[in-house]
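Chains here go by letter, A, B, C and D, matching the order in which they are written, and residues are numbered from 1 within each.
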């Protein structure tokens, strides 16, 4: 990255968000029908690289099953409402009834502790549905609960926090050493968020099958206001993609999946993420607009429910169609929120590419800098 | 173009839109009356270089004839409503009556297939009016229909799509090879959109008389949201103008007309397009404000009617005067939407130029970068 | 100026507006009471360098006299309403009564031709009031009317157009050759607008006592929308100040006054103009807010009244206090529109300067570039 | 700093505000509980580095005592309403009752002169409460009143103006020579605002214990509009931090506290200030939202009450919780206005730091430049 002097001895890198860049077609145009979106992580294959984020407004046991049936990977939050109460329908109704900025209401609902038995039960339910079962825990509780949920049949284990480093340092309690942790597991692990080349390389060395890129950029996050932390995603994805290449060489051939996570509200953003080097994208808000979504068109992230320092709100998105219509179309809107897979195919074909791996080399421009 | 490192190994060019630049007068001021706007393509001459875009909200058989009579080139969309139904007045009334974001309504109206007999009939009608007849087809159907419409009397054949490359690649059906296609025709061809030096050079080598520069930048397009694709127009026109110069040398004297297409809602934008190197401009929204316009002040593009993945909406522009007043004035508004030709003359005279060809060398500035 | 490649062979300079820059105090603070704002052009001295622009919404014979009495130079538009009709009060009332975007109304009012006898009468009235008499003509009519108005007693002759070059080129009628014209006059001439080093140098060589910098940047102009022409003022003033320095050397000591004209709605903008190298500022909108202003809080420029191609509108500013309060305070608002002279003194003192000439060296910053 | 050519010979530095930058986590994550926010200036220690600004809407004798009890340094304005009238409750009620832009009302209220006896009485009251007593005077009156207030028991003396230079130059009355002044005092002095390396170094050499960085950037200031003066804070803090380092070396070990003052409405801004090199932050608007704040949710600065040239207004912020909740949480909002200390701890831990001194080395990025 280019660096610049802010003042005195303070140097800063210049970073770019998806809004700052755009794709440029310079190659021969291809047919959208010739494009393949197939995505594979470890032994698991999917029809497209759009992953449903582990957020309670999007991923319920029912929508996870439905989303898997239409070809995608969906991740259930194992610390969400479904592992806190047997039937969260009343809790969800209360979010819907509260004022839009309902942080206080969320704090109350999530004050109920997670129930390890419910965790196992949810994993079993998904397993019984015959889908690839993926569940997410935060780094803080991964050590405590991973054994139970993996035994219950988890196929893919996601460790997702605002920032995850390969080694978390604490003076007061036992920390998660990801390297030790991941190597002991048989289950493939996806871990993040991360935003720099160096931190990503450390995570890759821990044995992760995939890394999540990003934090603080989503539709509902206010991490920048509260913590001052932000990493624009076009730069973050490009940096982590470079780490993937370096790790591929140093490991003699281990290819770690780079999954952009957050700040992709429209299909155009997802296309940019792939063009910057991502293998897949994890999205919340686009799927929160599904009629089946548990949030009924409202959307929030886990950072919004923190008891002392919430860093997100409840967004009112509304609903526009079924999960299947949102992913596969046909679309009846022109804003990049419907027929996400179709839009990716069209973007790739227009730019002259037929696979995600090739599309990662797509030319991009910056609007005046 | 200047390039910049986005992150890791990802490099991007820096690109500029018309909003990012402005003209600077540094030469001796000229009289606006001394300015000539005459424009010529192949054997056809026009009083000014403002081309009416092939959009159903702007170009009906009637407005095409009227526009030609006041000196401009007008292009009818040969896949629009007029070649789908005998009398599209009811269809147009339904667009007017629908809510502004009427994408679903457009999808229904354009579900009626195009009728080759109507295509020929429309061309004959225009021919009978004694004007220079220009019609547009998309690259997808150019092979299928070109023979019929050219026999019916087309003078200028426009092939216009979101992106057109000299050679389209498909594994599933026969593709349009522009080089073979254009060389077989006696009719001059204008083809685009295109946005890079390299792609433009390929199109020029196919024998095109003119190339259209741009895509996704117009008043109604949402290509950036849906596909992530955008090329800011000041840079795109400058790049294609450089390709024209290179092709002029390599071909030993074939001068290909560079026609900026889209993102020029005001006369100031058109002046900038010429100053960046365009020979002419193709515009929709400024002419959609004419009282004669079939859209009655509503405006949409063909990308908005796509059945699976619409990439544009219906814009409510309103009407401000006759076609003649919009092009020739007098103007009673101060926002660059009326007396377009007068504004171009005044801009050129103020900057010290009296012909479009000279004006292409006009000095421009970037507002802080 | 720094240049940048827009695309292909097109190069552009990077330019800065007043909004892009700010003053930085780095020297020892001074007392505002120690600051002098005195300004002198030719043999005429003024208490401050804020010049009233020749605009009908601001400068009537009455406000010109009043403004002169409180120490400033005021310029009457000799092609405005006061030289078209004996008593323009009815015309002004009609502007006040029209809708805010009253371009068509202005066009009607200014359709009445200027009356040479009224021109002379207005100059005589101002002369009788015992003030320094300054009047403005456009370059188009300067040859025709200058003799009459100078004989009537004009002290300072202002030639003001959107763009003025030392030599205007026309094939159809006699053009104004400023060099010949100015050298024949005994009266000092202020001429503009101009925006580049080269054009300013040419104007200085014509013998002008002062040059006006800028066009298209004022509160009511839409030159950028209509013509695509714009020169950001911080750059324009800096460029012309450099021309002043070069001409001072080449002429062996002729110091030409640089007067920033337009885009200075607030006292902070005026301070920036001086810090970029201006000797004085010509302003309209800040004085249009005076209770005595003929526009009664509405404001328009001459470019708005053009019969075929108006390039400005009528702005509704409202009134906030007397001319004297606006210039000298005390202020009761905090937005830079009152106590303009006091604000300049405070700005200069804060940055450590006590004269305008020294203040032209003030350090400035660009907000991230 | 990087410099750029504005035009002609005018050169400007490029400066960055807090909004232009963000923190990037690149180190191993730490536990927020391991973070210490302790701050020390001279002999005085505080639980956190968030200083209450001497503004009447925030700091009354009562809130100063309350704020001290929850661990922070609070500064009373010794030229505010509390030293003008015995009981300012009626005056405060009138501000609350006036329209939001109540500059004229403020001018009336502050027309009452300060009363030296009330100054001493307020200091004594604070002293009697057993807290660290800090009071602020402007440079204009520091000479006149410092003796009285220091004798009354001031522990920390704050000299705060829009701009303060080590030596103020006046031809008309005795000026404050800070070097002489500070060396004669036994009481530690905090002085500012200042924004450049050079000016800060001069202030440090005068013997100050701390310098305030910034002016014109706060929630209610309009210094940029009125004076044209602005220094973006990320650059200003970085510049002054470099001066601190240089002075540390030149003085053989005197560490001067750098206190960012203004433009920090959210906890994320405060984190950025520390990351740019500040040791502490002085804030107004975040504490003006306390239910105990004398402004009852309205907020204004001293520059707003100037009789001739007010440079600020009255902001309507509303109240959101107690002083203690705002500083220590728990928070029920997600916008960075509550649990300020908790947010700083979380930001530091996320970026991998456990002390403010280390955190000053935190990596930052610029959003595209």
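What we mean here is this: a contact is a pair of C-beta atoms (placed from the backbone, for glycine too) under 8 Å apart; a residue touches a chain by one contact, two chains touch by 3 or more.
None of the values given here were measured: they were computed from a predicted structure.
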| item | value |
| --- | --- |
| Same or different contact residues where subunit B meets its copy subunit A, judged by the half mark | different |
| Intercentroid distance (Cα basis), subunit D paired with subunit B, Å | 57 |
| Whole-Å separation of chain centres (CA-atom averages), subunit A against subunit D | 40 |
| Subunit B residues counted as touching two or more neighbouring chains | 14-16, 235, 366, 369 |
| Overall pattern in which the protein chains touch one another (line/ring/star/complete/other) | ring |
| Full enumeration of touching chain pairs | A-B, A-D, B-C, C-D |
| Residues on subunit D engaged by subunit A in the complex (per definition of touch) | 1-2, 14-16, 18, 21-31, 33-34, 197, 234-243, 245, 266-272, 275-277, 329-336, 339, 342-343, 346-347, 350-352, 363-369 |
| Of subunit C, residues touching subunit B in the complex | 2, 4-10, 12-17, 20, 101, 103-104, 107, 162-173, 195-196, 198-199, 222, 224-232, 235, 304, 307-313, 366, 369 |
